[in-house]
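In what comes next, chain A is part of two complexes: it sits with chain B in the first one and with chain C in the second one.
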Partner chain A sequence: MAALGARRLFCHGRRWFSETTPDAPSPTPGPLYPPVVASVTAKSQAAKWRRLDRFKQRVHAAATVEEKLRLYGKLQRPKYMVYPQTFALNADRWYRSFTKTVFVPGMPPGAAAAKAPVAATGATPEAGRAPEPGAEAPGAANTPEPPVGAAPYPDMGHLRSLTCDALLQESFYQNKKRPFLYRDQDHTPGPFLTQLVSTLAAFLSGRNPLLAESSLDLKPEVNYYWHHGEEVVVHGHRKGRVDPVRFQIDDNPHLQIRVPKQLPEVVPLESDLGDVPVIDHQPSKLPLFKKQYENKVFIGSKVADPCCYGHTQFHLLPDRLKRERFIRERLEDQIEVVYRSNGIASLFAWTAAQAMYQGFWSEADVTRPFVSQAVVTDGKYFAFFCYQLNTLALTPETIKNNPRKNICWGTDSKPLYDVVEDGNVKGFNDEVLLQLVRFLLNRPKEF
Partner chain B sequence: YPLFQRGGPQLRIFRPNFFMLAVRPGVPQPEDTVQFRVSMEMTKVDIRNYLERIYNVPVAAVRTRIQYGANNKRNHRNQRVKKPDYKVAYVQLGQGQTFQFPNLFPEKEQDTETRSFDDFRDKYMEKEKQKQEGDPRRGGVPDWFGL
Partner chain C sequence: LFPGVRQAQWLTKTKLVEGLPPAVQSIMDNPALGLQELEERVKHAVSHARLWNTPEVAPRREQYCPVLFENLIHICRLMSGKYPSLSKRMLARNCRIAATWERESILLQVRGLSGILMNSMTPIPPVASKEEILATKEHVLETFYPIAPTIDLQEVNVYKELNDTGFRDGYPYSHPHTLFFLESADVRTDRFRPEQLRAKMLMFAFGNALAKAKALHGNDPKVLEQPVVVQSVGTDGQLFQFMVFQLNTTDLVSNDGVKNLVWIDSDQNLYEKAQCVPEVKKRVVTKPAGISGFQPDTFKKFLALYLHGTV
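Moving on, here comes the complex of A and B:
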C-alpha cells in the first residue's frame, strides 16, 4: 500500500513539481534568433529597398547639417542642369512641373494692403512729374504725411531722388566708353542696380531693423540639387534600370540680401491656390542637358553663418535675353516667360537650400513655410516675385501622398522710367519704386 | 547679269536645292515640335527661312543634330555597307500652333459586301483545314494506320 502510494507519488511527482511554481507573469525571454530581413548585398528589389532605407536612416541620424548635406549629395550621377535664365520656349511651364509650383499672377494680398497708406502719401505729390537731378526738396513730400508719430511711412520724394541720382550717375554723369560686344548689362544696368539697392537698403534700415542686421551679397552663388519623377536608363551599363530624374540649379544672382530671421508666411502651409502643370515628355525635349558633377546645396553663405534665411534676390537678365531680340524674332509672348522662369527657378533653389540648411530634406519635409522675394530686371523693366516653399518632398516615393504645393506670386515686367535724356529722367514710374520699397520693408511680425 | 548690291534690282531668282522631309518622331515630342530630315548642308537659319518664306509656317526655334548611319552591315563580299548619314531638325512652331504627325495608314471601314465575303472565306478555309486533319477522335493518328 505504502509502496503503491509511493509509486503514485513518484508518478505524479514530475507534474506536481512543475505545478508548484505558479508565477503567472513569467518574463518572456528575448528573441532567440535575429530579425528576418532582406539581404543588403543581394541583387533583388528587397535588397535595394533595404539599402535605400539604410541610407535614409544614415541621413536622418547625421549629427550636423553639413554631414547631412554631404550624405545627401554623395552619389554622383548624370543630372539635368536647370538654368533659371534660359532662352527655351515656355520654360516657366516646365520649371513649374519640375518644382511642383503654382504660379499666381499679381502680388499676395497681405503685402498690398499693409502698405496702402504709403501709396496714398507718395502718389499725391509729384504724380508723373519728372524730378530734377539731386535738387529735390523733400519738404514738398513731407507736408501730406500725417503729423501723428515720427513719420512711420517712408519719404517717397527722397527715395525717388536717390533712385534718379543712381540712374543718372551711371548713365549720364559718368564718362564711360562704349560697352564691349554683348557686355551691355555689365556696363550700365549692373552698377545702377547695385548702387540703387545698397542706398535704398541703407536708407530703409532705419525703418526696418531687420535690414540693419542683414547681409548684402554681391554676385553670390546659389545651388540646389533634387530628385523629381522617374525614368528608365537608356544607354550604358545601367541600361533598363528605373532611376529618379536628378536636377541641379546653379544660379548667380546679381545681388542678394540674407537675414537672420525668417520672413512670415503668406498663406498657410496646406493651402491650394491652383494647379501644377503635368508634362508627360522627357525634360530633354525642353531642351535640357545632362552632366555629372558635384551635387551642391548652397544659399550664398555656409551653414554656420547667422544670416541663414533669405530676404530678397536681385537678378539681372543677360544680353542674349534682351527684349529687342525677342521682338525682332516675333516672340513677344516669350518675354514674360523669361522673367517668370528666372523667378520660379531661382527662388525655388534659394528657399529649398535654406530649408536644407535647417535640416529638412525630401524625407523630412518642412514643418513651416519658407518665404523669399526676388526682383528680376534688365535695367529698365522690373518684375517682382514672392515664393513660398511648402514642400521639399518631390521624389517618386514621397510625392505620392503629398498634397502640398509650392506657390509663386509674380507680376509682369513694368518700366521704372521711360528714357534718360540730358540729365533728366522722363516718365518715372512710382509704382515700381513703391513695390521695391515694400519688398525691402518686409519683415517678421515681432520686429 | 550685273553684279548685285544691296538695294539693287533682283534680276535672278535662286530656288533652293534643299528638300525637307517631315517624319514621325521615334520618341514622343512636345505638341509644338515637328521633326524633319533635312539635307546635311542646311543650317538652322536655312531651315527657318525655308519654312517661313516658302510655306508661311511661323517658326519659333530650330535645333539640329546629325545622325550617324551605322557601318556594321556586311555584303556578300564581306565589305562593310554604310547606311547614309542624315541631319534631323526639331522645329518648334510659333504663335501657339501644334502639330501631330498624322496616321498615314488608317484602318479602312469595310462595307457589308466585303465583310460577308471575308466571313465566307474564313469559314471555307476552316472547313478545308478540318478535312485535311482527319477525324479528331483518332488523336492525330493517320487513317492508314490500323488493321
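Moving on, here comes the complex of A and C:
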C-alpha cells in the first residue's frame, strides 16, 4: 500500500497535535459502529416509533396476502363497531368523516351516458353474433335488427315483465303462511329481491360478458377493520396513552355479485369533488359502542377466489328501519339518511377489503381506484350508490399529507311500483328498473 | 324404512328404471352446449362453496350445501344467454304442496314444504313413449308381505282432502319443472340417508305431479293423455341423486293397469374430497388443500336436467 500520508508532530504548548497531509483518496471503510437507533424495548417515544416501524416493515415484507392480513389485524384492542344499517340520527355525516368520503348526489355522469353507448354496442355486436337471438326479444313484434335507439326498448318490456312476475310470485301467487313477527322483510321483499337479481343477471349475461363469469352470493359476510383519528385512553392500565381510534364494519348484504375483473374508474384518482365533514365529537356520541374481538377483513370469499373484485351488492333494510316507523316518530328527513349511511359504510368496507386483498393497506396506499356499486332497498323503494375508493391511508400518520378523498355517488330512494293488487302491479316505475339494468351492465372497457 | 324407494314405488304405483331417460342423455351428449368450458367454472363454484365461503377455516354443511346449490344454479341460469327460453323459469322457495290419493282403500296424502321448486311456463314433454307406458301394465308392483306398505307413515285425521299446487290460479309459471332437496343438517343423524332421500324425492315429485294433473284434468281417476313429468334433484353437498318422474295415471286405487314411471340415477359424487387445510404428516404435505376427485359428469347431468324441456 503506497503513499501513506506523512505525519508530523508539532507542539503547541504542551499539547501534541498530529497533522496528516491529505493524500490520494483511500477507499472509505465501512461504518465502524452499527447505526445508532432507538431501543426496541425501552419505555420511550423513540422506542415506540421504532417498534411501529418494525411492525410496518414486517407487514410490507409479508410473503402472501393472507399473511399480511393476519399481521394487520393481529393486535386486538377495543374498537368501535360501525353498523351500516343504523337508526342513529345523521349517521351518514359521521360515517363520511370516519371514512374520508365525499358524497355527491346523483349518479356519476359516466353511468348515465353508458346506456346510449351500451345500446349502440348492443346493436352492432348483435348483428355480428348471428347465433345470438336478436335482442333477446320476447317473441313476436320485434325486428331482428333493431335500430340503435330502439335496442333497449324491447328489452325493457321483457325486463319489466320479468320483474312483475317475480314480484307477483312472491307477493300474490305463492301460498305462504303469515310472516313471523317483525320478519316481514324475510317473507316477501327478500325472496323478491333474490329472484329479481338472479333472473336479471342471467338475462343480461348475454349483453355483459363480465356477468357470465360472475359469482352470485346470498347473505355473504363483508368485514373491514381500520384506524382513523386519535384519542387518549380513558381508563384501565393503559390510561393516558394516545391510541388510534379503531373501527370495524361487519356487514351482511342480502346479495353480492363478485367478478374477476375490476370495474373501471369513474373519475381520476386525485380528483376532489367536495368536502369531508369534520366532526369534533367522540364517535361514541353517535352512539357507537366499543368491543374487542377478532379483526376481520373479508370481501365475501377468501383470497384464493378468482372473483376477487366487487361488482354490485344488494342490501335489504330490516323491519326496525321501516319508513312507517320514521314517519310515525316525525323523523322523515332521516329516511334518506338510513339509505345513505348503509350505502357509504357497506361500500367503503367492501372496496377497502378488496384493496387489501390486492396487497394495499394504509401504509401502502392504492395505486388505482377501486369501484363498486350497491343498491339499498326495503322491497319497494330503491336507492342506488356507486363508490370509488381512492385512498386507504386514514391512520393519524398517513392522513396528514394525503390529499385524496373517497367518493360516493348516491340517489334518493324511489319506489319501483305503487301497489300490488289482485295480480296486477300498479304504477310501475321504469326509471328505477333502467338504473338497475345500467348497474348490472356496468363493465370494464375491454369487454 | 330401509327399502325406502320400494315402499314409495308401491304407494305411488310406479315402475323403476335405472339410469336417466334417453332424452336427458341426449342433452348431455350434445356437444353444442360447450360443457368443457363450464368445467373450470364448476370447479371454482365447488371450491367457493366448500373452501372460500367464510372467514373461518372450514364452512359447515349448513352453509356450504345451499351455497353450492346456488352456485350451480347460477351457472345453469347463465346459459340463458344462449337459450332465451330459459328465462321463462322461476325459482320458488319454501313452497307448500298438498296432494291426496287413494291406494287400495288406504287414503294417503303428501303435505308440507317441498324444498325448492323450479317452475316453468311450458311443461316438459313426456319422456317415455306410448308403448313403454302400455308395457307397464304387465309390470307387477312388489309387495312386502307381511309388512304393510303403510308402515312408518304417520296416521292423521284429515278433515279436508286437499289438492293444492301451492300457487294461485293464473300463475304464469304453472308447470312444476324440478324439485331440489338439500340435506344440509350438520349432524349426520339429522340428514336423510341416500335411500331415504330418494324415497322423499319420489314422494314429493309424485305429489307435485298429481296436484298439477288434478288441477289440469280434474279429480276423477283416469289414465292421462298427456303425462305430467316432474324432475327431482337431491343432494347433501357431495352426493347427488337425480330423478325423472312421469305420471301416467291418476287411477291409483287398483294395483293393475298403467303404472307411473320413474328414472333414478343415484349416488353421483361431484367430487371426492374437499381439503380445507393441507394435511401434513411428519413435515411433508400428504394432501394439498383443494378439491380432489372432481367429476364433471355429475354437473353435466345437473345441467341436462335443468335444460330439459327447452332444448
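List of remarks:
Here, the second predicted complex is superposed on the first by the 384 of 447 C-alpha atoms of A that agree within 3 Å, B and C clash if a C-alpha of one lies under 4 Å from a C-alpha of the other, contacts with A are read in each partner's own complex, and residues count from 1 in each chain.
The criterion applied here is as follows: a residue touches a chain if its C-beta (ideal position, glycine included) is under 8 Å from a C-beta of that chain, and two chains touch if they have at least 3 such contacts.
Every value quoted in this text rests on a predicted model; they were computed, and no experiment measured them.
Once chain A of one complex is fitted onto chain A of the other, the partner contacts of A:R323 are absent, as it touches neither chain B nor chain C.
In the superposition on chain A, contact is made by A:H281 with chain B only, not with chain C. In the superposition on chain A, A:K302 makes contact with chain C only, not with chain B. After overlaying the two complexes on the shared chain, residue contacts for A:R51 are found with neither chain B nor chain C. In the superposition on chain A, no contact is made by A:K414 with either chain B or chain C. In the overlay built on the shared chain, the residue A:Q174 is in contact with chain C alone; chain B does not reach it. Set against each other, chain B and chain C differ in how many residues of chain A they touch, and the higher count belongs to C. In the superposition on chain A, contact is made by A:N223 with chain C only, not with chain B. Comparing which residues of chain A touch chain B with which touch chain C, the overlap is empty. Looking at the complex, you find that chain C touches chain A at residues 41, 44-45, 47-48, 51-55, 66-67, 70-71, 73-74, 77-78, 80-82, 84, 86-87, 90-96, 164, 166-168, 170-173.
Chain B contributes residues 27-30, 32-33, 58, 60-61, 63, 92, 94 to its touches with chain A in the complex.
Only residues 88-89, 279-282, 285, 287, 329-331, 334 of chain A touch chain B when the two sit together in their complex.
In the complex of the two chains, the chain A residues touching chain C come out as 131-133, 136, 158, 162, 165-166, 169, 172-176, 191, 195, 198-199, 201-203, 205-206, 211-213, 215-218, 220-221, 223, 296, 298, 301-302, 304-307, 423.
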